């Protein structure tokens, strides 16, 4: 499917999803957090789309805008089609529905994002730190993370 | 909204509280971080019932070096050398992932000479990575000798690469806009000599290990994963291909010279450890085929289009591209603000995504099966932890 | 006191075809009957020294051989720097292990933890005592030799179980449990093979089993029965020795170190030594039962050939034959992968044991109707 | 075992001729220890491959020095070859491993990461900057990763150190770091020019010019 066609089809499934205007090198849609889970469910199960791989899930901390931008990059082995889904969350209370039940790999990708950014996933069966110790203070990939241990060149 | 964040302690407690149908007492045992068959510092907490594995809880982070954080402070050329240290067995291919993303984003055109060299060295590296995987699998299965045979043949490839690149393991060779050095005058001759040497050796490998009935018993019908699970688990590379999914980026979205050479994608039928093992053996053959087609006609041209000192920026936006490394898909995702350093750099590493299929495959098997499964996944732990 | 002409006489006897066995214990008791007190004590001491010396020498030589052989199997050289071609390597290792700090884990069962390696080595030393190395080189020749060997080697598994239990380490315990299950299972088919040879030779005494082969080794003259018994025995002893492909109790890639994970220094050396000397014991038993012990290799009718073979002293014959089987065991170790625990068990209970039972029945028929040559 | 190495020398301290006995004994003991260094199978990242290359590959073969018996259990190991980065989470485990090893124990730190933190010094929130902040290190082998020959040289240095340095009466000498020195009469410049001459032999570009022009990399 061409990206225009894809966007139109997705919009017919879930009205809240709209093509993103952010600069991006893949077909990208944006969706508000409240419609997120139902959209993802349909992207996975709709026979015309059938995105069966969740290739990338990560987050970006836009500290100046006060948001976390979550990225879900999907791939369909049927059509060899990629789609990027962006979700924006407020930095103060970053909570979003978990997609573990749709793609199993999400369980660990979401744990990684929680570990680095502190994004909370609702409905995650086992949300805990992945790389760092359980008692680690703060979320290191946030732009305002401070740690006495970190060194700048020349220090 | 209230989301509960648990801890490792809580996880193990709740896992133990699950009522078992077994009449014997289940217990936890700690495998790693220092254990000979976890290939590094992977830690697995196993819930065992006698010898039978009931649950596997991987615990990561024993080699988490915060490469993504460092990348945010590094220029794109500096990121290339960090990628060497992630999956050190396919260092060149990791370099290529960064180079490809940056080239695509900054619209740098490369020439055919560069792409040929990149393809040849990548395939050489894929061979030596699979050689090591073959040997380590043998060692994990209790046969120590294949390990050293694999190393012996790997060493010869390292020598060839060292002449051109100057390093043995952390290559830092493929750069945005070319390769660091031109190929050594002896490169073509030595690669041909090596291929002539290694082809019969591969048959010897098969005689030594593949033909062994004990090994076949250990690997066949162990750790079966169907295609649906493998895709849902996000597995890629030989692990996914062994489950009958012909997903190989070299064929699907050809990069480098892969579009112009003939080769076949090896896929398995059952998705068990044996298929994962044999897919790698077959990939070595296909890699040799690719090199043979390219080695004689490397076109003339420049090998480095952008000087290492030149400033390199990427236009604002989100950029992603991926490479098929020896273990699967390595994707590099950049969020750029138009500066020399990325705003956010994320590595979609193959091993991180391959590891978790372990939690689906291991329960129900023996401890020996678990070792076979870990071995057949061919994990490199620093690539998981980054 | 004929201690001095003890070795020369054994060499001279080699030329004869009839063999007279005299053990060290017999010499001691005859000296005692002659009221020769110094001779009695001398022979007893000789027996002790001989066993201890054999243990040490075997340990040093076999460990060196294994490392050297492994090296050459793997296109390497093995130890090279300590002495000529690394010949002093085992000595250096031994001395180092002797001087290592001895750690007993805090939560271990201290007494059992200390006792297990001693028990393990003891089982080995006890079997060394009855091995007929040559007609005159045997410490004791028990008339129930075969039963004694079976009984004493089973002590080894006890040592392993104790070691695994007392270490208070789950990996050790897992290794010990594997060892227990494995060794006790394979003991069955090993014993069945032993019984076949007892049936054929009509004696439980090791020296008499060898004597019964003076007109041909059992591997030739017992039809297929002996060959089957030999193969079964070879497989089951490899399993009892915990060597690849049956090295599950200490499989490095699975259980880190198996039952000896928590042992360090000298106590670890005891296990190490026992393992290697057990390898010699197993080979010696194979040689004694199936390959004529210290008998030279004769071919009927070739008198010239036979007389040349007869010139080689029996001790050398025994050592040579054992060395071959030790080499075979080492070859296995550096070639085969390891079995899984359930495959190991089904190999024993579903294949080896039924074959063993059928074999012993056939052997009984052969002996009953005197079909063997 | 404490008896021979600690108690016996104290008991015999006043006896005539004890000096000679213990000097000979030291030599023998140190010979045994130096020639039987069993490493622990421990590797965290990239350097582990080169470390396996050293005992493993037939070309380098650590077995020649009697050091190929890699023990998976720290209780039986004499030498800890630190191969690869140590991060904060691994640090306590490394300390435990070291403490589980019986005396006398030796540590070789290979690679930039275990010496100083290597490429992960700056901006890293988790990398430990040098393993010697956690456990005492005897020999440092630089490189990223060091070549197998480098590790062999490190091992030989350790052997030399054991043979000369540690004595029964003076334990504790060995935790002083040992560094390789340039032989007398040879300067760094000589080594540099010799290496350049080697490179020049079959180089395609002008090596000397390149060496002069080469700038230090910017940034971290």
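As written, the chain order gives the labels A, B, C and D, with residue 1 at the start of each chain.
Rule of thumb we're sticking to: a contact is a pair of C-beta atoms (placed from the backbone, for glycine too) under 8 Å apart; a residue touches a chain by one contact, two chains touch by 3 or more.
Everything numeric in this text was worked out from a predicted model, so none of it was measured.
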Common touching chains of chain D and chain A: B
Reference chain B; chain at largest CA-centroid distance: C
Chain whose Cα mean lies nearest the overall Cα mean: B
Centre-to-centre distance between chain D and chain B (centres being mean Cα positions), rounded to whole Å: 30
Centroid spacing, where centroids are CA-atom means, of chain A and chain C in whole angstrom: 65
For chain C paired with chain D, centre-to-centre distance based on mean C-alpha positions, whole Å: 40
Interchain centroid distance [CA atoms averaged], chain A/chain B, Å: 24
Sites on chain C at which at least two other chains make contact: 74-76, 252, 256
In chain D, residues with contacts to at least two other chains: 41, 58, 72, 89, 122-126, 219-220
Chain B, residues touching no fewer than two other chains: 35-36, 61, 64, 66, 69, 148, 152
Pairs of chains satisfying the touch condition: A-B, A-D, B-C, B-D, C-D
Residue ranges of chain D touching chain A (in the complex, touch as defined): 88-89, 121-126, 129, 219-220
Of chain C, residues touching chain D in the complex: 67, 71, 74-82, 86, 88-89, 91-103, 252, 256-257, 260-266, 268
Chain B-facing residues of chain A, complex: 22-26, 28, 52-56, 58, 60-61, 71, 73, 77, 80, 84, 93, 95, 103-105, 107-109, 112, 114, 116, 120-122, 124, 126-134, 140-141
Of all residues in chain B, those that touch chain C in their complex: 27, 29, 35-37, 51, 138-145, 148-149, 152, 208-209, 212, 214-215, 217-218, 366-369, 371
Complex contacts: residues of chain B adjacent to chain A: 1, 3-11, 60-61, 64, 66, 68-69, 104-105, 228-229, 231-234, 245, 247, 252-253, 315-320, 322, 329, 331, 333, 335, 343-344, 346, 348, 352-353, 356, 360, 385
